[in-house]
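Both complexes below contain chain A, partnered by chain B and then by chain C.
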Partner chain A sequence: MTRIWPWLCAASVALSLFMLGLLLALLLTRGLGHFWPSTLEVATLDSGELIAGEAVRETALPQRDGKERLYFTANRDIDGARWRWVAIDSIASRQTPTKLLRLQRGPWGDFIGYLSAYEDGQQRLEGEAAWQALATALAAPANTRPPATLVLETADGQLIRQALADIHRAQRPNAMHPGEKLRYWAHGVWQFLSEGPRAANTGGGVWPAIFGTVLMVIVMSVIVMPFGVLAAIYLNEIAHQGRLTRLVRIGVRNLAGVPSIVYGVFGLGVFVYGIGSSVDQWFFEDTLPSPTFGTGGLLWASLTLALLTLPVVIVATEEGLARIPDSQREGAVALGATRLETLTRIVLPMAMPAMLTAVILAVARAAGEVAPLMLVGVAKLAPQMPLDGDFPYLHLERKFMHLGYHLFDTAFHGDDVQAAIPLVYATALLLVTIVLVLNLTAIFLRHYLRRQRGQPC
Partner chain B sequence: MTCVLSTTFCDLSLHHAITMTQPPRLSSSAPRTLAEPRYQRPHRQRLDRLATSVITAGAFAVLAAILAIGIFLLWESLPLLAMDDMALINSLSPLAWGTLKAALAAMLFALPLALGAAVYTAMYMPARQRTRIKPLLEMMEAIPGVVIGFIAGLILAPWVERHLTVTLVLLVWLPASALVAGMLWHALHKRWRQRLPFSSAALWLIPWFALMVLLALWAAPLAEQYLLGEDLRRFLDLQLGIDYATRNAMIVGAAMGFAVIPSVYALAEDALSDVPPALLEGAQALGADRWQALWKVALPAAGPGIFSAVMIGAGRAVGETMIVLMASGNTALLSASPFEGMRSMAAAIAIEMPEAAPGSSNYHMLIFAALLLFGFTFVVNTLAETVRLRLRTRLKRMGGGA
Partner chain C sequence: MLASNQGHNNMPHQDQSCLSIDAFSLAYAGKQALHELTLEIPRHRVTAFIGPSGCGKSTLLRAINRLHDLNDETSHQGRIMVEGIDIHSPDIDVSELRRRIGMVFQTPNPFPMSIYENVAFGLRLQGRTAKRKRDDIIEWALTSAALWDEVKDRLHQSAWQLSGGQQQRLVIARTLAVQPEILLLDEPASALDPVSTLKIEELICNLKSQLTLVLVTHNMQQAARVSDFTAFLSQGELIEYGPTDQLFTNPRLRHTENYITGRIN
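Moving on to the complex of A and B:
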């Protein structure tokens, strides 16, 4: 027995690391791979039918031997579907023509096929000239593009007309060399970070969600930091260190373990239904019954998350305060300083790093939290940003978008989840990166400062 | 005019402050030198008193907000007392069962992994490696639940449905393959054993496991064809009458277990490495091998700490919302099958609360569910924290005495 158990223990470390590595590798490859222009192919079936698309994956056929392959064929406006399963046995030949084109369009999602002509009022270009014209038109900013129309041809020969105004990007991946692909990839990543979502969240970027998350986190920090720091100072510097203080301390620590959804319920019941509707009755009576503050919004979400992160801030700040040797305080008092002067000149400057760690940890916790936000003000698609040029610039009552909720909503409530999954991967990667970077910063900050002060880590 | 008034007022209050703070004998008899302290010190002390009261007020505001959570939940659940008991029990019991089932599945997955990992890190790993591996495993805690839920619900669940045999085989084969690796290692030549020491087994077992997963992916479908003659899922459905839901307790267990591992691991590892080394060295000097020393000495000493780690893990598993919401299918069933879904209280709150009209019976019921979650986790965490703190002082005493 004494030989078996150590191996199982070693195996559990290895398995945990294995799972963690698998998860991160999956997120990295799928999240970043989505923007890489993948090869398009044209498959000729035994029946003579032509299918143009991107081969996604293969699985075994359910009933008989052999495999089938899933193609992303796009063109939802033409045949009503974006995906096509094809039995591999029934494919006669596969080619990768360099002229094959992939367009990212507004209302209908991607198009895969050929460009047959480019018309802009005065002239009609065909062949390579049409592609050149399209590329130059797309390189210009969106509002200066000419009012042109494209004539597109699908793989099986149907012709459709498409307005240039709805097109976001065009690529011919089979004709690109690796350098071009890399540039296209970098541009795709940038667009993902800087643009708004389109095509029912299956395309475009996540900029409003990033903006909403950051704004919410900032408002939350402004609320939580003063109270958290005051409470920590009280517990550590002012309160009599007796049984009661110890109880309060344990209670605060345990609040960190209370499920986040409970805070959401509290926020909904007290902030939104309680305070919010009273505020509406007093100040916004003219707009009733449509609520202003009586529904979820930025302010209530920030308050709820402030409550949620309060224990994190208190615990981290108190840890920093407790590390300051009493001799420092005694020295200050012996020189005639009052308690306030000891605090502001000696204790707080020394505890500054701890408070910085506290705010970073709180932000990391809040950025990854979704459940309470679903109750107090996050929106699937917010029509207006909570910060804009209209007075009073910061609109605390507006709903906002959040990265985590955007992920959840796109993954579970979209109309074509299959098509949205690559974007969900990218969003998940972004969220994990943000949270991990914040946590690592906190760890390194703590480590560095402890070493700087000559304390053991 | 105002100026005069304000100065006199100020003087008066200053004087008052001095007589309050100074011993009266001094201020009345001895002619004090009217130097700067007369104007500065009372001002400073007033500021000081002001700051103290601001800090106290802030702290009490925080306390009040915390208490308000409990009071609000209690107050809003009170109307349930007037409700029909049966209706309440009927609507709550599937949720309570779902919560327990999800938490149980998660703990079944997480406890062996987390505790095994804690034992290995505390007892066998060299110190240098430990300072790297431990933060890495604790970093797992930072991965947001919504990401784990997405991977579990949309990627893992369909994969497991397609490869059910492989998954079930892996659950047994991976631990077994670690033992196989151990046997092979003992049979190795000494030179090789030094090159792959047991103290770094946690690292070189990772490629071994990757190999084993590939092996299972290749062999399990063959075995399935040979033994059953058909797909295991069809076999379960047709021959045994077992339903298989894509998002089921097994998936939730794995996903939430993954989320719970780091917190259990970190606390258990802390408890084990707090055991004074003198105790272990004593046991080994008396002839125990490392595992015996661990089993007979370290585990009993750190037992309460490990108990509190398990409690904290259970508290987390009960309250986790996003993972259950995304990976469980959210069907309110009263079934014990690991292949069927469930709906937990936290997920029910997240789904139904935005639609429940304030004041309706469903609203009160959901708030009651939140109260249950709040109370449960609070009690469990308090218990765990008290046990942990008591253990820590005891171990310190032991270490100091030895």
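Moving on to the complex of A and C:
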């Protein structure tokens, strides 16, 4: 009986680690794999029909034996769908022609087919020359591209005309060697990180959402840290340790368990409608009835999350303060230090690692929080960044984009959920990475501080 | 009362007294810990407080430094006078008082900073001192605490890397740096090994020429070795007070004799 306990404990640890590894592996492969230029194929069906696209996955057929394969065929403007299930036993042959082309386009999503001509007013290029011209044109910055038109041909021979202006990238994956693919992939990842979203968040990058998330977390930390630390100092160092203090402490701890959407409601009612509309009436009367602070924005979102993470900060800081032995305080006092001097010279420096832990916990909690933000300031698409070159540079009243909300929006509000799934994985991976990076920064800082003072780590 | 009664017994005379405790009582949250203690502590001498554990030695020592101010559940009666001034009088500056009365605790409590900064802590509290002068004071304090030779090459390393005995001497140096008139030591060697204990005892004897020392100890030999006067406390009361050699060789009371011969503890 006693032998089995260590094994059970070890097994549960192993299971947790395994699940975590699985999650990360899933996010990594699905999220980063999305940018890899995968092979395109042309399948000839028994009926003679030609299908060009990327084979995504296979499942068993619902009615009879055998399997069917899902192709991403793109070309929504031509045949109305982007996906096609094909029974495997109805495929006569498959080829991977090197000239098969994939375009990332503006309004209609991807195109898969052949490039038959490139026209830029003066000349009409065909064949390999057309591809060269297209590649050169796309290499130039978007605003310097010539006003050209492409003539595209689908696998089954339909011709369409496509303006060059709507095209973002072009690839012929079957003709690429691995090095080229890697470059293309890295460029795709970079675009995802550095560009704004396109096509109602179903394509393009997430830079505004990264920026919004990080900025919101920073503003929140700036708000919550002083309040949390002061509250913890009061509870641990100043207040008489009686029944009332104990009660307050229990209250604070329980506040950490309140569902986050409740904080959102509070933020909406108090900050946005209450304080926000009063501020508008006093200071922004000339722009009424369009609200300035009377609607969700960066400030209210940060305040709401500051409120949400306040208990975490108080509890973590207080635990740090309680760990400082009284002999340290007495030592300072016996040398003639006042209460304030003891606090600032001995207690606070010693509590610094605990305060950093508090920031870590607060950031980890806040960066992943979505529900309350939907009520107090996050936007599907923010026209302006909350930080820019216009005075006063930091625009606390603006709405902002957030990775968590972007994820939710991409996953459920696009017109093609199937196509958005890889982006959801990529965004999720990014969110996890950001939280991880923020945490690691704080952990290293804490480690450094402790080492500097010769404390055991 | 006691002091004047025993004037003929080599007891400290009124004008030699640095610290006088006059009918001082103290209670923790209504629980009486000290009962009307009266004694005179002579200048530039070592006075030891002995007694069974829980008898109130630390409580009395902390009262002299007004450390009970930190605990709002204590109350006291009677007076403690330092150089004729009541330490509880409203116009006294507590920080200044505590600077004049240094205190060393049972477990070494160096601050989490460098050795140098530990000793400089009290100086910095008093305001700006020129670096040259500060360095001199720090060297002097560490030398007085018999620690200079051991740490002079690593002044800027963390104080927490020192051994327990070194830490305790560092704490003494830190206290000496602000030049107190009285040094209170609460079982300063009880957490240390015999060699470190010996060093601390030597140090106490050497410091006598500079300041008045009050030493709490549960170690009878230690009290006999280093102190000039000894006060025996039991259950918050002062049982017997007199010159150390007299108290140890020829105690007036049975109770004292039983304690110092180890029959009660």
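Simple rule for what comes next: the second predicted complex is superposed on the first by the 413 of 457 C-alpha atoms of A that agree within 3 Å, B and C clash if a C-alpha of one lies under 4 Å from a C-alpha of the other, contacts with A are read in each partner's own complex, and residues count from 1 in each chain.
In this section, a contact is a pair of C-beta atoms (placed from the backbone, for glycine too) under 8 Å apart; a residue touches a chain by one contact, two chains touch by 3 or more.
Only a predicted model underlies this, so the values are computations on that prediction, with no experimental measurement involved.
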item	value
First, second, both or neither for A:7, with chain B first and chain C second	first
Which superposed partner A:134 touches (first chain B, second chain C, both, neither)	neither
Which superposed partner A:358 touches (first chain B, second chain C, both, neither)	neither
Which of chain B and chain C A:321 touches, first, second, both or neither	neither
Touched partner set for A:338, first chain B, second chain C, both or neither	both
Partner chain in contact with A:240 - chain B first, chain C second, else both or neither	second
More chain A residues in contact - chain B or chain C	B
Chain B versus chain C as contact partner of A:435, first or second or both or neither	first
Touching both chain C and chain B, counted on chain A across the two superposed complexes	338, 341
Interfacial residue positions of chain A with respect to chain C in the complex	240, 325, 327-338, 341, 345-346, 349-350, 453-455
Residue numbers on chain B that touch chain A, as the complex places them	44-45, 47-48, 51-52, 54-56, 58-59, 61-63, 65-66, 68-69, 72-73, 76, 112-117, 119-121, 123-125, 133, 135-137, 139-140, 142-151, 153-155, 162, 174-175, 178-179, 181-182, 186, 198, 201-203, 205-206, 208-210, 258, 261, 265, 289-292, 312, 315-316, 318-322, 325-326, 346, 349-350, 353-354, 358, 366-367, 370, 373-374, 377-378, 380-382, 385-386, 389
Chain B partner contacts - residues on chain A that touch it in the complex	1-21, 23, 26-27, 59, 226-228, 230-231, 233-235, 237-239, 248, 250-255, 257-266, 268-270, 273, 307, 310, 314, 338-341, 343, 364, 367-371, 374-375, 404-405, 407-408, 411-412, 417, 421, 424, 428, 431-432, 435-436, 439-440, 443
Chain A-touching residues of chain C, taken from the complex the two chains share	65, 67, 70, 72, 95-96, 98-99, 102-103, 105, 107, 109-113, 121-122, 125-126, 157-161, 171, 174-175, 178
